[in-house]
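Take a look at the structures listed below.
In the two complexes that follow, chain A is the common piece, with chain B as its partner first and chain C second.
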Partner chain A sequence: MNLTTLTRTARIAVLLTATAAGSVTRAGTPAELLAGYAAQGTEAPSPKAGQQFFNNRHGREWSCASCHGAVPTQTGKHASTGKPIDPLAPAFSVERFTDAAKAEKWFRRNCNDVLGRTCSQAEKADVLSWLLTLKPGM
Partner chain B sequence: MNATSASRANTEAVSGQGRKVLVWDAPVRVFHWLMVICFAGAYITAESERWRLLHVTLGYTMGGLVAFRLLWGFIGSRYARFSEFVRGPRAIARYVGSLLRGQPRHYTGHNPAGALAIVMLLLLAVTLTISGWALYNEVSGDWLEEVHEVLANLMLAVVGVHIAGVVISSWLHRENLVGSMLSGRKFASPQEAIRSAWRSVAVVMLVLVLGFWWAQWRNAPNPEQTAQLPARADRAVVQDHGED
Partner chain C sequence: MVKRQLISIAALAGAPFLQPAWADEDAARGVPLQPKYQQECGACHAAYPPNMLPAVSWRRIMINLNQHFGTDATVDAAAAKEISTWLNANAEVGKRAREAPPEDRITLAPWFKREHDEVPAATWKLPVVKSAANCAACHTKADQGDYSERNIRIPR
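Our next item is the complex of A and B:
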């Protein structure tokens, strides 16, 4: 067993204790997460660039839209399993981008599938800034 | 040093039992190699959504295989039965001790250390499949994902120990244990042989597994449809912006 596994085990122990104690996961708002991503870039996040990034393929089979839909205000469909995916735009799904660790995990996994690398903070900021422009009744 | 003890162990093992007889029935062997495929494949595809359906399919297959193996452990042929190979901690310690001295006792079926690996692998596979199923069907919180990952890494560690044990035992006993898991045959006296290979059961297993894989593949979303979907919606977005 390696060190990572041990660390993970420790993390679970902490997590289970926290859950047992009745505490809730770290709360946050999509705007706070966006501020966090944007803080590390030099330019202001661009919703337009985010939309393009989201819908373009990046040399691989999938784009973000392959599973989430071109405008992720509706339930998406997993391109491999066909399972429904809750809307990604925070205005349409209250839990989206409220847990920084969870958002980070899914950026890591999905960017690896779409781009074959991790996304930069600027790319994350662009995408999230676009998602935040999507409101009901548009 | 080692060569002497190894050849002594070898002589003990082979003396009076100079030919190979059938020890592992066909279901045990098919189970073993399908488990190898399922665990390796699921482990490799764990981090990717692109291969999610494959990961889940291999995981469910592993669950089904283990369910069969647990049943086969009670009704299978001699060396497949838990009663033949599951032993207490003292027997395991004794065997590992003899292994460390380079003079392991030879077992026709599973040795006590190998048996421990099998029990651990079966338990880990059961919990891994249940946690994977619960995750895929979203019946629990995100914390289960960490548990699922730890179980998988534990299982990989036991697989590593199991492989090391096979290599060491093969070398000390001068017998090819990997080959035995393929052919089903080991050096033993004729009266130790099992009577039937139970090929029919193995064929049913293979048909069920391949049928399940085919059904999963058939029910998967059409990649062309999913590729077209965003393209169409994309045009709609451009139009929306024009109207703004």
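Our next item is the complex of A and C:
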């Protein structure tokens, strides 16, 4: 085995490890996802800022609340198709924010619709920190 | 409603001349929906059966997902390929496919208008209906791709 082959083998090993790690982080808890978003910001996540961000419009027609409702503890409704949307707050819909890739996909689509850009990690952290304060019986 | 019942009776009696263009119950029950398609496309709207549009419309839709009727509906490359292949294989090829509907909107297709001409204007405006894209408001098994007459419940 020459050096080039060795390097290639090592590179593949690194790739495989990264892929395996990626699939491990896919399943998680909302708290873990929040920690991941928060780790990339400089300030602690703010539920209050998250609530405002969620309910404000950002220069476009829709806010997050347009589809999810102002307090997303109940079934929402897609603003153009009318299709029901499961509650966004994790305490009311167990699958929410348990799959990092799925959460990323929806942030990508929906932030583009609401803001015309991607959301920052800090914005995601703020919103999720607010969603995690929403509990039954409040 | 009376007309619907008449049509059902006629269908049971095997009187095809009284049936609307797509009242064939087998056709209306459709092909099984691809799980990836249901997951990616059925989250925001009914997972419309692939034979509601010709292949040319599906192709345009799939390459323009970043501007999908006013929203970002992008999927990753692997999903796009999987869904496109399935849509292409199951797209409408019959007489409905002769012309792509305006804007590739199912609801603007002549057959769609014909099939829904007996639905009162007030029904379309009900909050539980909201949009002609909200198939499941009346087609109770739309999520399974089933648009058969027997599974229609028009809200009042």
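Quick note on the criterion: the second predicted complex is superposed on the first by the 112 of 138 C-alpha atoms of A that agree within 3 Å, B and C clash if a C-alpha of one lies under 4 Å from a C-alpha of the other, contacts with A are read in each partner's own complex, and residues count from 1 in each chain.
As a convention for this text, a residue touches a chain if its C-beta (ideal position, glycine included) is under 8 Å from a C-beta of that chain, and two chains touch if they have at least 3 such contacts.
All of these numbers come straight from a predicted model, not from anything done at the bench.
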Partner chain in contact with A:Asn55 - chain B first, chain C second, else both or neither: first
Chain B versus chain C as contact partner of A:Asp113, first or second or both or neither: both
First (chain B), second (chain C), both or neither touched by A:Ser63: first
Which of chain B and chain C A:Ser129 touches, first, second, both or neither: neither
Chain touching more of chain A, residue-wise (chain B, chain C): B
A:Thr98 touches, of chain B and chain C: first, second, both or neither? neither
First (chain B), second (chain C), both or neither touched by A:Val71: first
Interface residues of chain A shared between complexes with chain B and chain C: 77-78, 80-82, 109-110, 112-113
Contact set on chain A toward chain B in their complex: 1-2, 4-5, 8-9, 11-12, 15-16, 19, 51, 55, 61-63, 65-67, 69-71, 77-82, 102, 109-110, 112-113, 138
Residues of chain C that touch chain A when the two form their complex: 43-46, 66, 69-76, 128-131, 133-134, 136-137
Parts of chain B lying in touch with chain A, wherever the complex brings them together: 47-54, 56, 141-143, 146-147, 149-150, 153-154, 157, 219-221, 223, 226-227, 229-231, 233-234, 236-237, 240
Chain C contact footprint on chain A (complex, rising order): 77-78, 80-83, 105, 108-110, 112-113
